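Working notes for the structure below.
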């Protein structure tokens, strides 16, 4: 992303805010990983380490009434939508005060009031749901947009194709992101697809698509902004492939020995936090002191959240039986 | 694991065979290699030995039928078939329905339960069921015959059975039980609760020695005039709105309840209502009501508050569509014009049939009842 | 398009049409998605005329992608719409199994998102449809938490239950029996009415044996009852109407009265809805039973096509008569 474009298109305060959220996401997920390694978090932990710029980038381009249908490497988007670190820890620790009150774990967060459609573990299931939300906006003539995301792995599933196809046919106001981090668990791209870039799939659905540097939060933000504007203007869906690298294993228990070390070394140099700091420095929007201040602030926010979650109660056994069906509201 | 018995190839170029005879009866036992059936082709007639030891439970091709080589003829199973198997009901086997030999005196749960309830010695009951077992009907017939021989007596004294006491059901109890359950199954019961300030009625009540019930009845009749849909019945042909207002009053008895009806309650003043209610209640308790007096109600009021109850979810008296519960009138601290005052308050519980009216109508009705209770100049209604 | 006219007989199929039409008029959030429902009017012509009346944005012809458009229905429902999604045949619902059971069934439980979605599924055999146009898949979803299921047998219920399903804030799978489409007729009320979910209907009162059933089998049971009445065997026939929620009270009350039960359904026997009902009866009505609980259902095979095979497969009147005779004599 060239500096001139960034300077022209993004206000300093906004870029700083994106930087903050990239840092906050990293700090939060690092803490979660640490807790997991200490045996204090149970179950699976899936982070977006090294990929934070994608969720922060697109979520920063949303309006308040827009909706996201994320997947499990979108922590930055959750935070930008108003989920607090406290709620995230509560969710991971299975506490009553988490958004699912202990009913689901790790990053399976959802809250329609904050425009987040909770997802299931079956990757790409969220894509048809996203098209449905977009359809609702179109039917009601609302200028709201849905942004959805999945990994390179998710693009192999039938639901991915059914969703892109439907969104395209009906010109729905939805933006499809793909976090191409080059590995679906242990499966590298070459065993997943015969095409070279995932974006080639968009062409099959007559959908405009582009590739963006997934580690450059400014680039992701601008691409998302363009696509969201298109959708809002009634021009239909866009596919954005964000190229990045999965720096940790598929989940935190996975040592990922199948990933060549050189690949990780190469991408470490392109860490989204580093990249953001470089741009901010070069544009004169911030300096080392500021970066340290941001780091401290993020750390404080995360620790406060953890304290909240640790003090929160666990749900009681019989709560298992509650909330299977919604009650009649209007007849 | 069942063994298949298939039509063998009895020679080269032989494509089919006819079953002449099954040498083992259905369900019978056969040893491996023992002759199982006789098969005939146009060239030859042979006995076919059994492929394994077992029970010939399933015979699929009967004597006289001709089938191609390889056709499944029967299945041998290692266990004997359940007795009395109904030959396949369509595609599925229905379990045996005869007691096993030696178990004819095995009593079903229903039979044992009835015997307990009616204090019957099952050894004395003749069995007419499958295999001679005692059926539920046998027990009931036995009881009917036995009670027919007894003189009419007062309800039987409770029978003590170890740590329990069984109270026989009186006709009133049975009727109440049937009606209550049937009403719940018929109407879509919803209850809405309102609170009313009884200061107005309290003044007049004290002065004239009345209870709160006539005031409630009067307010109800007025609200029914305003919203006649609440004074109706559901039928499959439509909702029938009753033009006359007859209010049923629930009266608690020693061992049950009755609901005598105050006819044309809307035409009567408070004192007359009070007199009639008292009279009907007295005669209900002393069993001097005529059948007409407990029929024809179009709406019911139940004064459950007399024993202190605050809220209720009363059951509608079919074929009406609503019932109002009047809770206990209690002095409560309430907010009046942003200050605290003490007022006699009571909760009104309306159970209504949601098939006929919706919450909005029910609440409208209740608003009117509350309004009439609170704002009527009761002196003029005496 | 059939409109409600006082006194006119309406078929089960027309009743479904009327329900959709009336709900779409009454509530602008209601819209339809499915294959061939627009221009073609639906494989069974239930939505004939709807495209002209409501336009292509309330009657959407979808691509051949059940998972995709059921998922879209879920998303639209989450945003406050009231989609009614049609499976052309219930047999194709398996393509959307994931979206239905995992996404729709768990959304409210996990993050309190209401999914007021209705999935209409024409099911059942007797039409020479073969294995993939005759299935009764209700068993799969009966077992999945978070889903409601209705199975109307009469035209009145077909209309009332569909309206109630559309107004319910939960995902409801509406199984409409294709064999009954044009064979069942009755006069329906002109004004708006619903049939509540979770309430069974006693179609025939009796004293000797309770037949607990639903769907097209209700008529098989009633026919058997007619025949058996002549032999002095009095069947009570309970039409469940809803599978989830299940009206246990009516079922238990019936069996406690008769003390003998036959559970009858068209779906395969093993692990079908009947297995659950039989278990419930054994658990809750044990002391009232005067005979074994009998299940009559299709055998555990795919549905065969050839006429004699299909006839063998689907439970029929003579099956119920034979079983009832045995049970009555026990």
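Every chain is named by a letter (A, B and C) in the order it is written, and numbering of its residues begins at 1.
The criterion applied here is as follows: a contact is a pair of C-beta atoms (placed from the backbone, for glycine too) under 8 Å apart; a residue touches a chain by one contact, two chains touch by 3 or more.
All values derive from a computational prediction rather than experimental measurement.
Distance from per-chain Cα centroids to the pooled protein Cα centroid is smallest for C. Averaging Cα atoms per chain gives one point for each, and the point farthest from that of chain B is the centre of A. Here B-C and A-C are compared, and the pair linked by more C-beta contacts is A-C. Our note on geometry: chain A versus chain B, Cα centroid distance of 55 Å, whole angstroms. Distance from the chain B centre to the chain C centre is 24 Å, each centre being the mean of its Cα atoms. Distance from the chain A centre to the chain C centre is 41 Å, each centre being the mean of its Cα atoms. For chain C, no residue reaches two or more other chains under the stated contact definition.
Shared interface positions of chain A, i.e. residues touching 2 or more other chains, are given as 331. Residue ranges of chain C in contact with chain B, taken from their complex: 189, 196, 249-250, 253, 259, 269, 286-292, 294-299, 301, 312-316, 319, 322-323, 326-327, 329-330.
Within the complex, the chain B residues that touch chain C are 84, 86, 89-92, 94-95, 97-98, 108-113, 129-130, 133, 135-136, 181, 185, 188, 238. If you check the complex, the residues on chain C that touch chain A are 31, 57-58, 60, 62-63, 65, 67-81, 83, 98-99, 102-103, 106-114, 145-146, 148, 167-170, 194. On chain A, the positions that touch chain C within their shared complex are 67, 69, 99-100, 103-104, 108-112, 117-118, 120-122, 125, 127-140, 146, 158-159, 162-163, 165-166, 169-170, 323-331.
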